[in-house]
Amino acid sequence: MLELRHLTRDFAGRCAVDNVSLRFDRPGFVGIIGRSGAGKSTLLRMINRLTDVSAGEILFQGRNVATLRGAEKRAWQSRCAMVFQQFNLVPRRDVASNVLHGLLGRRPVLAAIFDLWSEAEITRALAILDRLGIADQAAKRAEALSGGQQQRVAIARALMQDPAIILADEPIASLDPMNAQIVMDTLKRIQTEDGRMVIANLHTLDTARRYCDRVIGMRDGRVVFDGRPDQLSTGIAREIYGADASFNEAATSTAIPADARADADYASAMLGA
Amino acid sequence: MSAAALSPTAEYLALVRRRRVYGGLLLVLFIVLMASGWRTADARNAGGFLDGIAHILDFPIEILSEAARDWRNLPGYLRQYLPSLIETLNIAAVSTLLGGLIAAVLAVLSARALAPLPWLVVPIRRGMDVMRAMPEIVIALVLIFLLGGGPVPAMIAITLHTAGALGKLFSEVAENADLKPVEGLASVGAGWLARIWFAVAPQVAPNWSSYALLRFEINIRASAILGFVGAGGIGYDLRTTLQWGQGRYDQVVAIFALLFLTIVLVDHLSDRARARLVQGGHAA
Amino acid sequence: EGLTQFNIGLLGGENAQDRLNSNECLRKYAEDTLGVPVKLFAPADYDGVVQGLLGGTIDMAWLGASAYAKVYLTDPKAVDVALVKTNLDGSFTYHSIGIARKDSGIAKLEDAKGKVFGFGDPNSTSGYLIPSVEIPKTHPAITRADLADGASGYFKTVKFTGGHEQTIVAVVNGDIDAGVTWADGQGNWEDGYNSGALRKAVDAGLVNMNDLVEIWKSKPIPEGPVVLRHALPEEVKAKMVELVKGLHARDKDCAYGVAAGDTAGFAPITADFYDIIVETRRATQGN
Amino acid sequence: MTALAPTPALLLARTEISRRLARRRALLLAAPVALLLYLTTIFFSFDLPGIAARMRPENAAVLLGDFWSFKTHVTLDRRRPGLEVAIEGEAKGRYAPGQFPDWVQDGAEPRIALPDGSRITYVAQGALIERAGFGLIRVNREGRRIAVTLPEGAARPDWLSASATRVDLRGPWWRFSMTPARTETLRYEPGWELFFFDLQSPFHGKSAAELAALALWQPRLEPERSNLAAMAADIWQNRMWRHGDVVWALGETVLMAFLGTFGAALIAFPLAFLAASNFAPGRLIRLGLRRIFDLFRGIDGLIWTVILSRAFGPGPLTGALAILLTDTGTFGKTFSEALENIDEKQREGIAATGADAVAQARFGVVPQVAPVILSQVLYYLESNTRSATVIGALVGGGIGLLLTQAIQTQKDWEEVSYYIVLIIVMVMAMDSLSAWLRARFIKG
Amino acid sequence: MLELRHLTRDFAGRCAVDNVSLRFDRPGFVGIIGRSGAGKSTLLRMINRLTDVSAGEILFQGRNVATLRGAEKRAWQSRCAMVFQQFNLVPRRDVASNVLHGLLGRRPVLAAIFDLWSEAEITRALAILDRLGIADQAAKRAEALSGGQQQRVAIARALMQDPAIILADEPIASLDPMNAQIVMDTLKRIQTEDGRMVIANLHTLDTARRYCDRVIGMRDGRVVFDGRPDQLSTGIAREIYGADASFNEAATSTAIPADARADADYASAMLGA
């Protein structure tokens, strides 16, 4: 259903994504892993068209969406939802409104401004929130929620779009392990229950192993691995994450190393001061 | 003391000496500027400071004693000048509203991350600088000649200045707005207006309205003063009575009391409203 | 107490810098005469000079008659009347002139009934004081109360435009239907007379006298006096009176500049000449 | 799935959300409607339709045209001998006889060439106007009467106004008028004539190349000074534009703003301690001071000027004091608020060393409030430059006086626009200066 | 050298310190422990005279300093330095200036206002900073330093006072374990090397055990324990900290419990967002 052909993105001469070609034939949970700066975010953002493509094609059901403009581009965006590391919700509005924002791509702007949502739409938004277990928070402001809850609101907004594809850019990088697990479970459930396609950038190997049907490894803008998670040997991981001496399995795990904890403690103490 | 400490000590001592020299020079410069400035002003003035200071209360006393004598007239005058006061307030309100609306549009168009047409950013900013730099009274005086006296020249003049002044403040706030929500809405396919409305407006609203309230306060003063040069409102009454002199000082006092009380009241209310707005914004 | 500085106040009406420049020669002569620094001050409105005279910071000024009356009424001892400017024909009077647009259908003051009427500056003699007193005398239908600021009896409303120039522009623009301003009353209407606010507006290309009609003209009004602060040493006052009186003979160009136009010089005059104006102003004071 | 059978909680949430959205919607609709209603009432109460009806675009055009153009008067006055050609009709812009611009041909019957090809000839009995595209118009004067003869068969055009004693004609970029005493043609040209050199200057009328040559290598026009110095002096002393005086006036305006602002800051700073709740020695002093600050602030600088002019007379000192008084009120309030918001920990740290009250203030308080105070003061410096412009007009000083007087006399509109440009430049310069100082002293 | 007699402090009827009598005969490291609200801070602040005494006496070398006023009170304060939990430095001034503030108690007003310190004084301030290992930071603004460094600057300021007594009110409560240790070591070193007296409020038992020669336990404004640290049994600790169920040794230890860590992580992620 989705195919990337020779997709490339230059930033002022630096190649963030370099001639990437990939096919996604059927729904599944795809994880993209790689070091910081490998080009994972840029790849997802190009698919959603938040970042323009320098060269190459993005074919969705045979049509190149990489060159769409205006209303057509927005129509594509509304079919391809995005979930961000920092949730990117509107913090001062309530949760239900944030979910309803998922419909903005299909709405005339005036109707949206006057908040003309039909009862059916509101019911659907609440049903989605309920499915993600946060219907009771619907009337609260988004900013009043915990990080894990906010990420679930973001997923609800994505579902509201009724998307063909959900792109998730490090959805759990800002969450503590418990919330991270809830969010990943949610994404996985959506993918399997609805048969949607989910492509997620992940920053730890073990998350990728646990949730993905297919893992893509990127390095310096190029795809260096594409296969099943059980094919991810330590050697391959080393290839993806580079041969730098500091690499070890633990550094890419969700478990928090001791010194990082002290840092975080220190930071919070300072900030609280 | 270890050898290593010698160097930080010497370094710091050098820093202190340098700082004292600069600080001293700056202080001397400031004192010289102030002293010579006051002396120049004093010399170029008709009356000297020392001679005048003894008489500083003469005029207020003249006014107040007459008002005290005719205090019975005051309530009547207060009622008589109320419509002028309302006109002054209306001028301030309309120009704050219109100026604020223009400023909001200009601010969004000139905030780098939000501007739909990036090439417009710099021209709009320069334009706002010019609007801001132009004293209201200058525009008003020119307009009075084109349109005649009355509230309209004052309104246009204050609106223009307000648009420039608020535009700059607004765009600073807009520039600092968090772009994550904007990106979030962009990813669902929302258009530019929807992104501004849903992702930017809620963030900037508290600060914008707080700035607008402050402007309203300032504009009341400005509109009273423009009346002073012939642009309607209570300032006009104040000038005609004040210039007439003896015999109308009771009216001067009445107008003055009205104006002053209004300014203090609005000031007080808007202070409280602003504190709540901005606090609400942070606390939430 | 010795004189250390002598301050001359100049009334508004002309470009400030022009005013300072045309009086620069007087300043120099005064400096030579008195032997102390002499300074010129040109505040934007009448009141600045009036306050200066009252407060003792301005030593000499050429006032309008009404402004003089204001000074006198506030403090009769503040200033001494010394001289008056004479016109080319030796007279020293001018007129307050009522004007309206020709196409407004107003030909005389009575026609302006129910319309908007404008005065200039409330401290101005011809722009307010004289008409406000004289009109009720010659037109019994109009009372003094009808001519107060904002009054709406005889006229639809009465406004102060702020000055002669503004009055003319307001009439031409139709902001007010009729108003009063000043002219010397000599020469021809179509030129805006020989001097005065109308003439200046014509020269500036701002009005076409064909568009205007004269609807009222006052009796002659005395030109304002040159006054000296009462508290000045007698000798200083005498010197300055002598200087200004002899200015025309000594330096014609300078006298032209100081008098703001053609003049036959400054002639001595006494305070009682202004009694009428003072009385008129006193009468309007109670409002 | 729960979506099939909504739980009561979900239903409740839905009504709640719907209600909220409805309220928001109502507010969103009500706000613009209320605004519109208000603006409509204002529209009528300010009589905007009346103003629109009375506004005379051609008058505005004259005034606005004067902003960027100048006119040359060619006048024949029957009471004075000879033809007079003067820029803006002013004595200081008068051309010497025999040195008229080339479009005026002097003689017994002076001829004037106009930009649109029209020509005017002053003749003994009146004038002949050959108007381009219209034909010859004769204006005859017989004693006190003036008669106009139009070309054969022409209807009276609307650009001509004539009465028995006055004729007025308007053309593109020119005007002609005749009364029994005077015949006058005004020729408009774009630009600010005589901006650099007035007619008396030997450098008048020279091209840029000629001036450069004069300045750099050509022999001195006056033996005692170089050409460059002479040029500078001539520009400085230009009689038409008075650049020297204008610069002084600008300086005086900035001086008033500077003295007023910093003087107020120096006075308000110690007073602010007495008015801040955490420093005030007594409640009464604090409240009293606050009301005094309100009073000083509530009276605008312009009104202070009027009040002070009795004691000090006209001049920059009065203006500076007026700004000082208003700002003492403003600063007193804002400084004391800054003092009330300080972090007490710092002061306590200093107090614990045994420092006295003054030292506590100096080291425990001042470093905290200094950035706030400095940025306030600098902000007001810029805004006071604008106020000083206006205050100057009342106290007879500064650029504001020049401006208001130029506006009042109504003829020097090109000077008005010059002053406006200067004021804008001055305020923007003060703005940049204060922004620079803020960046330098507060962030650094 | 220091004796407290029936020292009492009321706050609007609530007794923060209640009739405390203590003698400190020779220099040493005294720790005061107790629950939040036990009156530890009030006690120290009364000794320094930051808080006025409601009743009782503070005798220093036989003289009652509790009733001194004006210059005499300030002279006492300059002999009795205070170190605060939040350092209480002037953040916008440089480190050396902050240290020199220690001299303010002995300075004529004018010299102080113009910030004129002699070279000898500056040299001494830098020597103290050097002793505490932060001389290289002397020219930086205090706010640019880490918490641990700032607390050492505060100690340097105290030393600049050349005090007979150093009072420290929970000096390490805002610091991470590593910095806490550095600061405590510094205080201890000063105490032993210079033979000064240090009285410190401490919020953990194990710190008190590790550093103190004498520990005083307070509860509800009264002294409930006064002895050597090795006498601090769990039973006594329970008495000091109250019998509330949540008390356990771990809660008063510097070690970070697991769930607190997650919280801190979460907080820092949120704040970083």
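Every chain is named by a letter (A, B, C, D and E) in the order it is written, and numbering of its residues begins at 1.
Quick note on the criterion: a contact is a pair of C-beta atoms (placed from the backbone, for glycine too) under 8 Å apart; a residue touches a chain by one contact, two chains touch by 3 or more.
Source: prediction; values computed, not measured.
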**Shortest contact path, chain A to chain D, counted in steps** = 1
**Request:** Name the chain with the Cα centroid closest to the overall protein Cα centroid.
**Result:** B
**Message:** Nearest whole angstrom, what separates the Cα centre of chain B from the Cα centre of chain C?
**Reply:** 37
**Prompt:** With chain centres defined as C-alpha means, what is the inter-centre distance between chain A and chain E in Å?
**Reply:** 49
**Request:** With chain centres taken as the means of their Cα atoms, state the distance from chain C to chain D in Å.
**Result:** 27
**Request:** Calculate how many whole Å lie between the centre of chain A and the centre of chain C, each centre taken as the average of the chain's C-alpha atoms.
**Result:** 81
**Asked** Which parts of chain E, given as residue numbers and ranges, touch two or more other chains?
**Response** 86
**Asked** What parts of chain B, by residue number, touch at least two of the other chains?
**Response** 44-47, 52, 55, 58-59, 145, 147-148, 150, 229, 242
**Asked** Residues of chain C touching 2+ other chains?
**Response** 7, 9, 41, 45, 47, 51-52, 55-58, 166, 169, 173-175
**Message:** Using the touch definition from the top, list the residues of chain E that touch chain D in their complex.
**Reply:** 48, 50, 71, 73-79, 81-82, 84, 86-93, 101-107, 109, 112-113, 154, 157, 161
**Message:** For a test of understanding, state which residues of chain A touch chain D in their complex under the given definition.
**Reply:** 94, 96-97, 113-117, 119, 122-127, 130-131, 135-136, 138-139
**Complex contact set, residues of chain D against chain E** = 345-346, 348-356, 358-359, 362-364, 367-368, 370-371
**Request:** Using the touch definition up top, name the residues of chain C that touch chain D in the complex.
**Result:** 7, 9, 12-17, 19, 41-45, 47-49, 51-52, 54-58, 163, 165-166, 169, 172-175, 187-191, 200-201, 203-206, 208-211
**Message:** Under the stated contact criterion, what part of chain D meets chain A in this complex?
**Reply:** 1-3, 6-7, 9-10, 13-14, 16-18, 20-21, 24-25, 28-29
